[in-house]
Amino acid sequence: MNPAMSFLDSIFVNLKLWTLNLIGHFLPGWAVILASIVISGVVILCLGPVIMMYLTLLERKVVGRMQNRYGPNRVGPWGLLQPIADGIKMFTKEDIVPTNADKVIHLLAPIVIVVPALMVFLVVPFGRDMTAADLSIGVLYFIAVSSVTTLPIFMGSWASRNKYSMIGGMRTAAQMISYEVPMTLAVVPVIMMSQSLSTASIVNAQEGLRWFVFTPWGLAGFVIFFICTVAECNRPPFDLPEAESELVAGFHTEYSGMKFALFYMAEYMNAFTLSAIAVTLFLGGWQGPFLPSWVWFFTKTFALIFAMIWFRATFPRFRVDQLMGIAWKLLLPLTLVNMLVAGLWYFIPGITGWVGAAVILAVSFLGLTALNKPVIPEKRVYLLEN
Amino acid sequence: MSETILNEPQTLEINFGPQHPSTHGVFRMRAVLDGETIRGLKLVIGYLHRNHEQIAENLTYPGVFAYTDRLDYLNSMQNNFGYALAAEKLAGITVPERAEYIRVIMAELARIVNHLLLVGFLLNDLGAFFTPCLYAVRERERILDIFEDVSGSRMMCNYFRFGGVKNDLTENQLGEIRKVVSRLPAFLDEFEALLSKNEILCMRCQNVGGLPKDLAVNAGITGPMLRASGINYDIRKTDRYSIYDRFDFKVPLGQKGDVYDRYYVRILEMRESVKIVEQAIAGIPRGEFLNAKTLPLLRNPRLFKPAAGEAYGRIESPKGELGYYLVSDGTPQPWRYHVRAPSLINLTVLEEMCVGQKIADAIVILGSIDIVLGETDR
Amino acid sequence: MDILNFGIKVGIYALMAGTLVLAVGVVTLRNLFHSALCLAATLIGTAALYLVFHAEFLAAVQILLYVGAVVTVIIFAIMLTEHIAERSVAQRNRQSLPALLGILVLIAVTGRILLKTPWAVNPATVGARVTVADLGAALMGTYVFPFELVSVILIAALIGAVIVAKKEKSS
Amino acid sequence: MTRPQIAKEKNPVFGTGILQGMWVTMKNFIDSYFKKADQGGIFTIQYPEELCRISENSRNFPFLVYDAAPDSPRCTACGICERECPTKCIHVEMAKDTAGKPLRKPAVFEIDYGLCMNCGMCEDVCPFDSIFMDRVYEIAGRDRTKDMLIGKDALLKPNAYFQKIRPKDAADIDARRKAAEAKKAAAARPATPPDAGGTAS
Amino acid sequence: MIIPLPHVLLFSLALFGIGAYGVLTRRNIIGILISIELMLNAAGINLIAFSKTTALAPETGQIFAVFVIAIAAMTATVGLAIVLALYRARKTVFADEVNLLKW
């Protein structure tokens, strides 16, 4: 790697070190530690909302293009200031609280929901040595923290005292608990292979182009994990909790103004962090040739986010029982098979293991879909009468 | 919907509408839910009642035309057609050959418009984020451009007149129609690639909201909904009104009568409509577009005084059998005017189709019935 | 470093006090939903306490299972049985006072014993950092029997819960 | 005998239909950058900068035509349009001179655009070729009673305007009127004194 | 240990006491279940604290805490399933109204 590249690669790390050195000249040691935490924290606290704002713009642009229209293009060049205009609008909107609402919890829910969304950023390796806190239990931390998201959604739906909200909240609980299971199990092969829970060392285990997604179990795991992440952050085709054609707006029906914006923000930050984790686990994180590590990371992450937006532009929504059926009857058995396959792949080296693993996965996928009779499209015949 | 269901501990009564994103207007359903399953469902209609029939009885016969546009505001051409048929029958007016062709072209274009929009919004009800809807609207726009070019208005066309149509079709306009229609098969292929085999759509639609044959017949269901249940009943074929006997087209029939069949029958009907329009453009004769004898009647509507009597004109509107019943007492105003609105009558089986299904299904079933509140509530 | 250490200490005591306040909320709040939320907060507080003892794995499991799953299930049940838990219904039985007295006595006695006991602190254990790998090895080695037992019980509980909660078809 | 039928086969592998659908949206995404509107590109119109093409037949609200000057419109205040209007949105009052004699021109001619449903009935029934359908559309108002009630002065537009927006119809009508006038003049010349000739008020 | 062991033990004792109070006084079965969760938590804290200080093998306490969490999850599921069944059958979730075996 040439020096210019390595300079670019570690530009943010060096920037922080330099700042800390500067502080070290003037202040005692504990202040430096504190400053280090504060710098990381502030960066994450800024990064989250900014990413969310521009994700909304990106989504509207991409969906617009897929629907043969421009998307926002009035505020600023190419609509770049649209998120700011939206933010101003959100701030100035009236905050409506229903009469019968549980006021305290109604207020707390949108605040609480942002917290886990931001906390996940802590373990995301944005680039070489760019993990805010390289926890030894990184992946588990991510799973644990993202599972908390159910709670504020429940709070919001219950506090609104609205039947639509209530049904949305019920759906959220069912959906998120169900999809956590295959999601967690899909991660297991990765942990088995990299023999670590720390996100940074998982990325290190995918050195070069040995990304996990290039193995049969990795590909299957990635697809399952990605489907589950889409379901976890309630994005189409799994957006049942806020299904606007059925439940008006689901759990945030009764929210307006800034509170609604916070729900929105959490959703988009979740979309980002979950994509980032998927990249970390399966797509080699920041690993990649030629470009600086963080460029690779953001490219891959945004590719996944693009895929999420693409899903949104293409698919109808699942029904609640089908959603559950897919999690429990299709994805969960597949993850179990996948764990087995990962073991096989590990112990049978070379092409045999590779092909064997692929065959087992393909056969089990076909078998499971064939067993799931109700979800298989039927053959239909249409008579043409005179 | 009995009180016993309501009194069970786990049921929840919920109102869909009149302000709800997917009730297609100000329609209201009172649903009793058990978890996500619908145990009972009651329709509440009439929020858009505008006294259509009473208004029409206080207008001259030609003056009603503009009001029929507003019945099923998505395909005013078809509404005009039915009313024109009824009034022509009442007054014994003949329609010139060319006008008949123009009428058929317009009616079939309106059918395509309606079905495109229906499928688009059905997909919206299914939760697709506007993409199929906007693709459908993209094609619909081109047809609406033709409508504007021909009749002067995009949606409230008010194009038909007793004994013909308002304006003639120029060669240019015919070419334009041919161009638009020739795009449609390719578009429908793309549309089907997006939808018809999509597993999510199939899962959501197949075996949902099935309507058995006998119930469909007994409830008086007509239109694509009836044909999706497998009954061959198309007024274009049975009545052969206007000049529909001259065209070669088929009536697609479903088998199960579920939402998927209703969706797919409509796609196939659009393909048949394209065929009809192509044949009509090819065969359109020269001649007058409006019966010369009725022109003074239109210039002076009070002279249009059909002899006392009654007439029922019906057409196969995209939603079903659209009938107009007119009774004349010899004055310039209809003595009785009644509309048999397919939207309303097709809606009556909603409860039978929805009970036992999930909430999401109820929305989709409602979407697949294809109602327009302007016609339902009148 | 003293300032930092002191800060951490104050933080831990504050955490413990806050957790206790929330726990009191759990048992005293009338609205069951509120008390379930308090429970979630208490559990998160305990998880934070686990972090203090360098039991990161356990903290994560605590949040994942307790907050993510158990509390959610509890709230689910509260929602399903909601209209019973109205304000007009008494949420407390008549043994409040005796219960309170008894528990105060229990706490007093046990607390006294706790403070009197000379705890034999094992310095090797204090310094040890338990990694997830250690835990895994222990689960699969020394404690494999209880581990399997727990999984069997889990399956049994799962099936049992499904069967108990399932509606009879006939109605 | 096999009847004609269309069979919709099921997908060989679960998930291929989903991928097919994704391909369609991706194709549209790419096309939106490289293709023209009628070939699958972006078809929206950027409104204030671009305007829709409006056809000659297009109609929305009625207006009145005058030939020479606004104070001598074609309208004779006969009230036929008022009577035949399905929504009764037209209000006409005939002008009277100081003696109270009717003047065969409107004193008040108001159309409530908020009520008008653009049907074109008034145009059909007008025997004096006076009222026609306009196609202005940027006429939003803030008050439904004040801004939407259009009076005579705003409604009256010169014949040149009509010729501009609907050249074909205007040419037909002008020719017919000229012929009628010529015929009338020809018929009038021998019967009446020359000073009564100006009946084309 | 950054804070002395008895303090932690006192804390967990208080937590246990609060939980026990809840179990004794709540009428609602779900409320009782919630209180039981609190008590189990107090036990978990004790396990961790001891495993950090007095235990011979440092991972023992953690492993048993994991078991406690698993058992707690089971209590919650089975208990709530019973509550739902009860609610469906008897329309009540109050422990003192479930007195079928009394006579």
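So that you can tell them apart, the chains are marked A, B, C, D and E in the order they are listed, and the count of residues begins at 1 in each.
Throughout what follows, a residue touches a chain if its C-beta (ideal position, glycine included) is under 8 Å from a C-beta of that chain, and two chains touch if they have at least 3 such contacts.
Nothing here was measured: the structure is a model prediction, and the numbers come from that model.
A.B. asks: By Cα centroids, which chain is closest to the centre of the whole protein?
C.D. replies: If one averages C-alpha positions chain by chain, the most central is A.
A.B. asks: Once you count every C-beta pair in contact for both, which comes out on top, A-D or A-B?
C.D. replies: Spelling it out, more C-beta pairs touch across A-B than across the other pair.
A.B. asks: Round to the nearest whole Å and give the separation of the Cα centres of chain B and chain E.
C.D. replies: Whole-Å distance between the two chain centres: 62.
A.B. asks: Once you find the CA centre of chain C and the CA centre of chain E, what distance in Å lies between them?
C.D. replies: Here the centre of chain E sits 6 Å away from the centre of chain C.
A.B. asks: When the C-alpha atoms of chain B and chain C are each averaged to a single point, how far apart are the two points in Å?
C.D. replies: 61
A.B. asks: Taking the mean of the C-alpha atoms as each chain's centre, how many Å separate chain A from chain E?
C.D. replies: Here chain A and chain E have centroids separated by 33 Å.
A.B. asks: For chain D, which residues are shared contacts with two or more other chains?
C.D. replies: In chain D, the residues touching two or more other chains are 4, 6, 8, 10-11, 14-15, 17-18, 21, 24-25, 28, 43.
A.B. asks: Check each residue of chain B and list the ones that touch at least two other chains.
C.D. replies: In chain B, residues 9-10, 131, 135, 138, 194, 197-202, 250, 252, 264, 268 touch at least two other chains, as defined above.
A.B. asks: Provide the list of chain E residues touching at least two other chains, using ranges where the numbers run on.
C.D. replies: Residues 87-88, 91.
A.B. asks: Name, in rising order, each residue of chain B that touches chain A in their complex.
C.D. replies: For chain B paired with chain A, touching residues are 12, 14, 20-22, 33, 35-36, 123-131, 134-135, 138, 194, 197-204, 206-207, 230, 232, 237, 250-256, 260-261, 264-265, 268, 358-361, 363.
A.B. asks: Can you tell me which positions in chain A touch chain D when the two form their complex?
C.D. replies: Answer in residue numbers: 62, 65-70, 310-311, 313-315, 365-366, 369, 375-385.
A.B. asks: Touching residues of chain A toward chain C in the complex: what are they?
C.D. replies: Listed in rising order, the residues of chain A that touch chain C are 29-30, 33-34, 102, 105, 135-137, 140-141, 143-145, 147-148, 150-151, 154-155, 158, 166, 169-170, 173-174, 176-177, 180, 195, 197.
A.B. asks: Show which residues of chain B lie in contact with chain D when the two form their complex.
C.D. replies: Residues 59-60, 62-67, 69-70, 131, 135, 138, 141, 145, 148-153, 156, 158, 167, 190, 193-202, 250, 252, 264, 268, 298-302.
A.B. asks: Taking the touch rule as given, give the residues of chain C at its contact with chain A in the complex, in rising order.
C.D. replies: 1, 3-4, 31, 33-34, 37, 40, 44, 56-57, 59-61, 63-64, 67-69, 71-73, 75-76, 79, 131-133
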